[in-house]
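Have a look at the structure that comes next, please.
Each chain carries a letter (A, B, C and D) given by its place in the written order, and its residues are counted from 1.
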Amino acid sequence: MRRLSSALFLLGLGLLIAAIFQTMEFGSVAPIAGQAINTVAAEQVGAANFVTAVVLAYRGFDTLLELTILFTAATAGGLVLGKPRAGASRDPDSGFILRAGADLFFPLLLVVGLYIILHGHLTPGGGFQGGVILASAFFIPILARPGTSMNHRRVSLIEGFAGAGFILIGLLAMLGGKEFLSPLLDQGELGALLSAGSLPLLYIAVGLKVGSELAGLLAQLSETEATD
Amino acid sequence: MNKLVLLVALPLITAFLLPVINRVSAFAGRWSGPLILLLTSALGISLWSQLGDSAVAIELGGFRPPLGITLYADQMAILFAVAASLGTLLLWPNGGEDSVRQSTLALILAASGSGLALSGDLFNIYVFYELVAVVSYGLIAAKATSGSYAATLRYLVVSSFGAAMALTGIALVYQATGTLNLAQLAQLAPTQLNNMQGLAAFVLMLIGFGVKAELFPVNTWVPEVYATAPARISGLLAGVVSKLALLIIVRLLVLVFHQPEALTVMLVLGIIGVVSGELAAWRARDFKRMIAFSSIGQLGIMFIAFAIPGKAGIFAGLAIALHHLVVKPALFLLAERWSGSLSGLAGAAKASPLAAALFILLALSLIGVPPLPGFWAKLLVLVELSQQSQPLYYLGAVVILAGAALEANYLFRVASRFYHAENAQTAPASHRLPELATASLLCAALAGSVFVLTPLAEQIEGIATQAADTAHYIQTVNPEALP
Amino acid sequence: MQLLVLFIVVVMLCSAVAVLLLKDFLAALAAFSVVSLGLSVLFVILRAPDVAMTEAAIGAGLSSLLFALALRRLGLWRLKE
Amino acid sequence: MTMDTGLILYTAAFGLILIGSAGIVLSTHLVRIIFGIALLEAGANLLLLLATYRAGSAAPIIVEGRIPAVMADPVPQALVLTAIVIGVGILALALSLALRVQRAYGTLDLREVRQRLEQDIAGEAGIDLPSSSDAPQAVMTRQEGQA
């Protein structure tokens, strides 16, 4: 019965998609918002990477919410998984080569992650991609040494202040009589490292937030005891 | 007026910092959440009174639409934004092991609920909707029973499927128009979206946003979640969050999707919702699932009402939605101590006479007995339905009447059991004070509204008139001229 | 170019079906990574380097890591004997 | 890039959406269903990015002051970026929940989980299972002693 209704549902979805395919006109419409942004972004925001301009300036509100979703998922994950019991079974130790490799990788990943975050307004990449690399920098040592655990207090401190920093930058603009999340600071020269006003600051907040949330999530998951 | 953003920003920043605040002082950690919500609710109400019957658009980041994200605040938006704040405050999660995490999640729920009501950008709505979803997973799972974990996971699967469908719909809309701003979409819709692709996009978004609005094919999570979640969270989900999802669908219908087929789809799904919900509630053997199924039925009535074209539909739908917004949380609060089977409720009136009396008041209003507000709301829907020409609307009216008869049957079966003291083995425990106080407050609001029915109806009609006015919306947001 | 796109798409769709049909969860995870990687290559072809980087880091990297951790904790981390 | 390439790409997007939906609706193992969600999201993301893609446009980045003649639309790129990050957050939460469900019920088979869930709810309410009512569309057969 369930199978039948599922199959019917899928059939309906398939028909819907087929109908869309039939009537859809590919690429017939000019992207109104996108074209406007491409014309004015260099002047208005001052970021050479227009995707960054959209992510942090034009649609910065979305990004704030996205960070909140990660934060919420980490908080809810903490609620669900809880604290690991003492003396829970652990993964077998991973051997010398992996541990040495993890130690070697740690500074490398840290530098690469920070580089990607700081150049987010100039080249592809930014807070999200850099944040993932930061998270892996802190997580790989845990994988290599299954006994150790992450300092959750410090992680929650970083995630709290990074998220609050993003909102504070937005609220500062309101104090100055502008709208929430308006770009601040001098735009500088297009393409320079110190340019695009407050965007690099926002991306640092994003990077730290993403990094700490993801590292926390990964650590939570790996600290949970195995069921078998 | 740009202070409206604080309705979202203040709870969010408090939520981010709550773990830190709690470490400094547990007292501050416990009270800062409710305090902030009190503040935002007051702010929202004061802005509502300032606004009058005008509307305002906030260009976030100072970018003109369609470049940036726009928030749109008319009376309906602020009403529901305040409802999200105030509702979370009234139903603030209490107890449980991890109260800091729960408070954090509740704050985010208030922020995202308010934002969902105010947002004027299609993708921004999607992000807010996902945020509401993730927060509710956390709050349901906070019960920390095996049942709540399983129910949350099943809910997550349905909800993620819906969200992906909504995202697909958004992609189709963007493909056809090249913009996400609702005002600009309203300008472009008659030429670009009045076709098969537009209808498909609407159906996909209806499935997506319908998950939280307990729409028929995607409401399988409702009985499981409401039976396993903490009662306050069930009340929030059924009372407030479902209305927010409904609000989005109504906005989309008014502004973007003008096809008559779109209304027909909603009408049919609403009718199925009423029939299946009320029948299942009638068959239910335990109190929580009975009111869970009855909420599917009630939301079905709202879908039927909003399927009436034009202002009349919004007026009728809004009236019944606001009624449900007050009644359902109160019912779930009462359900906290009556979670056992219905037969175990015998003699409950002796243990807690006030709770039993409140239940009867709520039940009478839910069924639609004059002079309670529920009667006028249902009457309004029936009158508007009878003025339509399509026969399907008459079917809707018949189904609503039959549903009311079923409701009367199962609600009175429960009420009469309350006063059967002779075969009571063990009367259920009496209610805790916070639950009873909040439920009494909601009931008092319900009963009090009987005396101000005429001004209230005029107010709601004003809200509906404003919400149905597409030109007013476009004029307020005033996007850049189309190229 | 067109042939390359066609090739990637075919591989992706086959892997996507394989994710659902393979009995062994580890193999399904591998197929899932193939889908993510294919997607990130498509994003490069579609002139979206930012998205491609994110998809590679998050879709192929992090998601697979999450799945792997979960499979291990769930006791599904074993190849068919 | 020709029209046909666009068609191939749209096929990929809708294909992923359909395969993902099939995984969610037809699978009986919860991990498989979570895989389905991830595939479905991937398809929706690709569709979103394709929405305004034009052949022959350049990436929306100014390198060394040169502004390309036709730049790709940066808006869907930013949207997809957001959607990918949202997806991974939900994925992590889903997997955490799956861990807890397995620990509580000892199974991840959807049918058994539903059955145990029904038992849990009925048990809490203190009613015998066979007499309890199910969701209207969820009438199923039960075997005692399973799970």
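Heads up, the rule we're going with is that a residue touches a chain if its C-beta (ideal position, glycine included) is under 8 Å from a C-beta of that chain, and two chains touch if they have at least 3 such contacts.
Computed from a prediction, not measured in an experiment: that's the story for all the values here.
When every chain is reduced to the mean of its CA atoms, the largest separation from subunit A belongs to B. The distance from the centre of subunit B to the centre of subunit C, each centre being the mean of the chain's C-alpha atoms, comes to 37 Å.
Subunit C and subunit D have Cα centroids lying 14 Å from one another.
Subunit A and subunit D have centres, each the mean of its CA atoms, that are 19 Å apart.
Chain centres here are Cα averages; for subunit B and subunit D they lie 24 Å apart. Looking at subunit C, residues 48-51, 54, 58, 62, 66, 69-70, 73-74 sit in touch with two or more other chains.
Residues of subunit A in contact with two or more other chains: 9, 20, 24, 29, 31, 33-35, 37, 49, 51, 58-59, 62, 66, 69, 72-73, 76, 80, 124, 128, 214, 217, 221, 224, 227. Residue positions of subunit D touching 2 or more other chains: 17, 20-22, 45, 50, 52-53, 59-61, 73, 75-77, 79, 81-82, 85-86, 88-90, 92-93, 95, 97-100, 102, 137-138. If the chains shown are joined wherever they touch, the resulting network has some other arrangement, not a path, ring, star or complete graph. Interchain contacts (touch definition given at top) occur between A-B, A-C, A-D, B-D, C-D. Residues 3, 6-7, 10, 14, 17-18, 21-22, 25-26, 52-55, 59-65, 67, 71, 73-79, 81-82, 85-86, 88-90, 92-93, 95-97, 99-100, 102-103, 137-140 of subunit D touch subunit A in their complex. The touching residues of subunit A, when paired with subunit B in their complex, are 9, 16, 19-20, 22-24, 29-37, 40, 44, 57-62, 64-66, 68-69, 71-73, 75-76, 78-80, 82, 153, 156-157, 159-161, 163-164, 167-168, 170-171, 173-174, 178-183. Contacts from subunit D toward subunit B in the complex involve residues 17, 20-21, 24, 30, 33-34, 37, 40-41, 43-45, 47-48, 50-52, 73, 75-76, 79, 82-83, 86, 89-90, 93-94, 97-98, 100-101, 104-105, 113-114, 116-117, 120-122, 124-127, 131-133, 135-138. On the side of subunit D, the complex with subunit C involves touching residues 1-2, 4-5, 8-9, 11-12, 15-16, 19-20, 22-23, 27, 31-32, 35-36, 38-39, 42, 45-46, 49-50, 53, 57-61, 72, 77, 80-81, 84-85, 87-88, 91-92, 95, 98-99, 102, 108. If you check the complex, the residues on subunit A that touch subunit D are 1-3, 5-7, 9-10, 13-14, 17, 20-21, 24, 26-27, 29, 31, 33-35, 37-38, 41-42, 48-51, 53-55, 58-59, 62-63, 66, 69-70, 72-74, 76-77, 80-81, 123-124, 128, 190-191, 210, 213-214, 217, 220-221, 224, 227.
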